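Read through the structures below before going on.
What follows is a pair of complexes built around chain A, which joins chain B in one and chain C in the other.
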Partner chain A sequence: MRLLGISAFYHDSAAVLLEDGRIVAAAQEERFSRVKHDASFPRHAAAWCLSQASGPLDAVVYYEKPLLKFERILHTIAAVAPRGFGAFAAAVPDWVHHKLWLPAAIDEELSRLGQRGVPVRFSGHHEAHAASAFFASPFEHAAILTLDGVGEWTTTALARGHGRELEFLRELHFPHSLGLLYSAFTHYCGFRVNSGEYKLMGLAPYGAPRFAWLIREHLLDLRDDGSFALNLDCFGFLAGQTMTNPHFERLFGAPARKPDAALTQFHCDLARSIQDVTEDIVLRLARTLHTLTGEDNLCLAGGVALNCVANARLLREGPFRNIWVQPAAGDAGGALGAALAYHFAQDGAVRTTDGRDLMQGAFLGPSYSDEEIEAAIRESGLVAERLEPAALLDRVASRLTSGAVVGFCQGRAEFGPRALGARSILADARSPEMQRRLNLKIKFRESFRPFAPIVLAERTRDWFEFDGASPYMLFTAPVAVSRCLPVKNSGEWSARLAEARSAIPAVTHVDFSARLQTVDAETNPALHALLSTFERRTGCPVLVNTSFNVRGEPPVCHPREATAGFLATDMDVLAFGPFYLEKEAQPPALRRAQRSREFAPD
Partner chain B sequence: MPLAPSARARLHATAACAGSWLLWWRFEHPALIVLAGVFTSFAVVAWISPRHHAPVQRMFDRVLHALLAVFSWIVLALVFALVFVPLRVLLPRARRRLLRPELREGSYFQKPPPPRADRFSHQF
Partner chain C sequence: MPSPRHLLAFFRELFAFARAHKAWWIVPVIAILLLAGLLIVAVSAISPFIYSLF
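Right, the complex of A and B next:
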């Protein structure tokens, strides 16, 4: 059975091709359109997925139930009227013109791609999340927890998976949503909703949870089992088009931060407070789920599952022995889950597990031939050397040792928000200057934001307090005590940035934590080989890994985007496939021309 | 199938011309004959030389777009005022249920209904 899963029209559109339950291709539209979090129909992603198919489609499966979602919108408008005309006028025309006619729209788009008359099917939104978590996991049976802003009505779902069956046990409904609660604080601290949540998470360790009691007391009624109700008097998302309102601002004693205003200790403390409350809720939900199911395994999905600090606390303190998080836990993964949910609901579908997940390291996107890479390099006028694999890795490792910043692009692009070594920027984690340099000269972003380490899987325990695997960078872990340095750890939050806290300061956050990616040879041979080479030279099996993108753009995919990014930043080296490019070896005119480029905000 | 720009220009100009003459025939006001004359000239230009008519067409498009926007806002406001505001008044219990879910045995959790076998065929 050949299925195309689609997510579209809200944020992070994606397409996924499934053949007999195996993921053949998966890609987000933003990687092709170059529009970050592109919400439009994933025309390019679908076209690429279909180019990988070995025959016609049996069905296309959309990741939510549009009419149920429209019902929720109308119901909300009726509940808050006469307030909310602005929200009504913003939402309804789009629904009337486009979203109520989805089957026809999808049919038209697929016809343009040469697939006529393909049946269009619809999965529930949280069913898609649950399926993306459980069916892609290595577990034969598990508890499943999905948490996001909102799908149709459901914001939180507790479920159980066994074999090819999913059973939903409990739900929380809109507007009582952990995702929306976290997004409200994201907005209030001046970050963009649906893309700035991880910045809020990164700010939290700089603060103290002095507002946590205020959140618990005034913003929500949290029960022992993890269910909760929001105090909607303090939120603006029902009737208005902003997440918070004047009641919220009065509660915390300050207006919402404008995006270009300075961050202060107040914002750090807010971030830490909401992070603590979020972790508390997630832990309570997990305990309830464990009581309901008795399972040792837990699968997570939904946008809140990208909160890797909460995931780590769940692993440490929660009742589950094993946790697997869908790497594309947000709405892009809904495309995968929709297809999986439909596939396993068919009679005759068989699910077998062999202890490995279905995600193939999340390397499910496009790859490019040596000829295509060479053509892009030639087009850009750049100078490159073609090297054998071992020589390339040796050269890259050597440059990393000397403090170079390297763009590293190998094989198939990642599916999901994290760069995992296929479209990455790598650097020496031992350098005290590297965090600052990467933030200011490469990523052009806020300097408080930490970078994440990659480490050889077999050497993880030597450098981090972490057992097991974290191949998708979805858990944080403390840096090993033996690698930590004494610090003052006091004073203004921005002053703490400059302190070296460990032997790998570029990836050690102010609380000595790191968002870890363990690299094993089977799933990620190129990166594993590079780390091994670097370790042989330096004794350190850890590098900085950050996504290869310039500010305001999604991660690169095609070689031409990588060459453009190489020229637009202070990157020293680019290694794309077998091609090695040194910045100093490039024509001076090219290096000068690109430097004045403007970047969009995140 | 969308019309070619020249065909669209001719259609709009002809419709405006016909409409203005209809108005004059109905109301017989001197100002309307001036208007009819102007629109007739535009129509002649549109038929003979759509390229020269283009600035007029752009002005027509802007006016039409503005009229459609105003019409849309009026319709939206009427629907909101005549449908949703009365619903809010008539269904206060539904509002309470949405805004504060029922607490059952100390929990806000709801039990989802059992899934239908044909659920993938429906948009709801």
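Right, the complex of A and C next:
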């Protein structure tokens, strides 16, 4: 059976091609359209997925049930009337003109791609998340926890997966949502909702949880089993189009931060407080789920599952022995989940597990031939050398050792929000200046934001307090005590940034944690070989890994985007496939012309 | 404007949804919204011709 999973019209639209339960291709629309978090119909991603298909489609599966979602919106409008007229006026025309006609729109789009008359099916939003978490996991049976802002009505689902069955045990419904609560604080701290949540998470270690009691006391009615009700008097998302309202601002004694205003200790403390409350809720839900299912394995999905700090605490303190998190845990992964849910609901579908997940390292996106890469380099006017694999790795490792920042693009692009070595920027984690340099000169982003380490899987224990694997960068772990340095830990939060905390300061956050990616030779051979080469030269099997994008843009996909990013930033080296480019070797006019570029806010 | 086939499929789905979720109220609400949408589109289409008379 050949299925196309689609997620679209909210944020992070994506398409996934599934053939007999195997993921053939998966990509987010933003990688093609170059619009970050693109929510439009994923016509480029779908076209690319269909180009990888071995025959015509049997069905298209959309990741939500539009009528159920519209019912929720109408219910909400009626419940808050007449206050919500603005929200009503903003939402309804879009529904009347577009979203109610989704089957027709999908039919039309697919006809353009040469697939006429393909049946369109719908999965529930959290059913899609649960399916993406469980069916893609390495477990034969597991408990499943999905947490996000909202789908149709469900905001949190507790479920059990066994073989090809999903059984939903408990749900929390809109407007009581952990995702929306976290997003309300994201908005209040001046970051973009559905985009800046990870910034809030990165800010949390600079603060103290001095507002956690206020959140528990006034914003939430949190019960022992992890279920909760929000105090709707303090939120704006029911009746308006903002996340918070004046009651919320009065509670914390300050107006919402404007995006370009300075971050203060107050915002750090807020970030830490909501992070603590989030972790508390996730832990309580996990304990309830463990009691309900008795399972040792847990699968996570939904946007909240991208909170790697909460995931790590769940692994450390929670009741489950094994945790697997869907790497595309947000709505993009809904496209995969919708297709998987439909596939395994069919008679005769068989699910077998062999100890590995279905995600193939998340390298499910487009790749480009050597000829295509060479043509893109030639078109951009850049000068490149073509090297053998071993020579390329040796040259890149040598330049990393000397402090260079390297764009590293090899094989198929990643599916999901994390760069895992296929479209990455790499640098030496031992350098004390590297975090600042990467933030300000390469990524053009806030200086407080931490970078993630990649480490050879077999050397993880030598550098981090972490057992097991974290191939998708979805858990944090403390840097090994033996690698840490004594610090003063005093002064303003921004002053603590500059202090070196370990032998790998570029990836050590202020609380000595790191968002870890373990690299094994089987799923990520190119990156594993590079880390091994770097370790032979330096004795250190750790590098900085950050997504190859610049502020306000999605990660690069095509070689022409990589060459543009290479020129637009202070990156020293680009290695795309077998081609090696040195910034210093490029024509000076080309370098100067590209420097004056402006970047969109993220 | 959706084709008659898609319109038919939509109303079939709408009635199935209302029956399954015991939410019959949604049928007239959506019908009114669609009629309002149709009216707006129709008025936008004919208004240039009306004003050209004066």
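Methods note: the second predicted complex is superposed on the first by the 602 of 602 C-alpha atoms of A that agree within 3 Å, B and C clash if a C-alpha of one lies under 4 Å from a C-alpha of the other, contacts with A are read in each partner's own complex, and residues count from 1 in each chain.
The criterion applied here is as follows: a contact is a pair of C-beta atoms (placed from the backbone, for glycine too) under 8 Å apart; a residue touches a chain by one contact, two chains touch by 3 or more.
These numbers come from a predicted model, not from an experiment.
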Contacts of A:Ala47 with chain B and chain C, given as first, second, both or neither: neither
Partner chain(s) touched by A:Leu68 [first = chain B, second = chain C, both, neither]: both
Partner chain(s) touched by A:His176 [first = chain B, second = chain C, both, neither]: first
Contacts of A:Ala229 with chain B and chain C, given as first, second, both or neither: first
Contacts of A:His97 with chain B and chain C, given as first, second, both or neither: second
Which of chain B and chain C A:Gly124 touches, first, second, both or neither: first
Touching partner for A:Ala79 - first (chain B), second (chain C), both, neither: first
Contacts of A:Asp107 with chain B and chain C, given as first, second, both or neither: second
Larger contact residue set on chain A - chain B or chain C: B
Intersection of chain A interface sets (partners chain B, chain C): 67-68, 71, 74, 92-93, 103
Residue ranges of chain C in contact with chain A within the complex: 2-3, 6, 9-10, 13-14, 17, 21, 23, 26, 29-30, 33-34, 36-37
Touch list for chain A against partner chain C, complex: 67-68, 70-71, 74, 92-93, 95-97, 100-101, 103-104, 107
Touching residues (chain side chain B, partner chain A) in the complex: 72-73, 76-77, 79-81, 84-85, 87-88, 91, 94-95, 98-101, 103, 106-112, 115, 119-124
Chain B contact footprint on chain A (complex, rising order): 61, 65-68, 71, 74-82, 85, 88-89, 92-93, 102-103, 121-124, 127, 154, 157-158, 168-173, 175-176, 221, 223-225, 227-229, 232, 341-342, 345
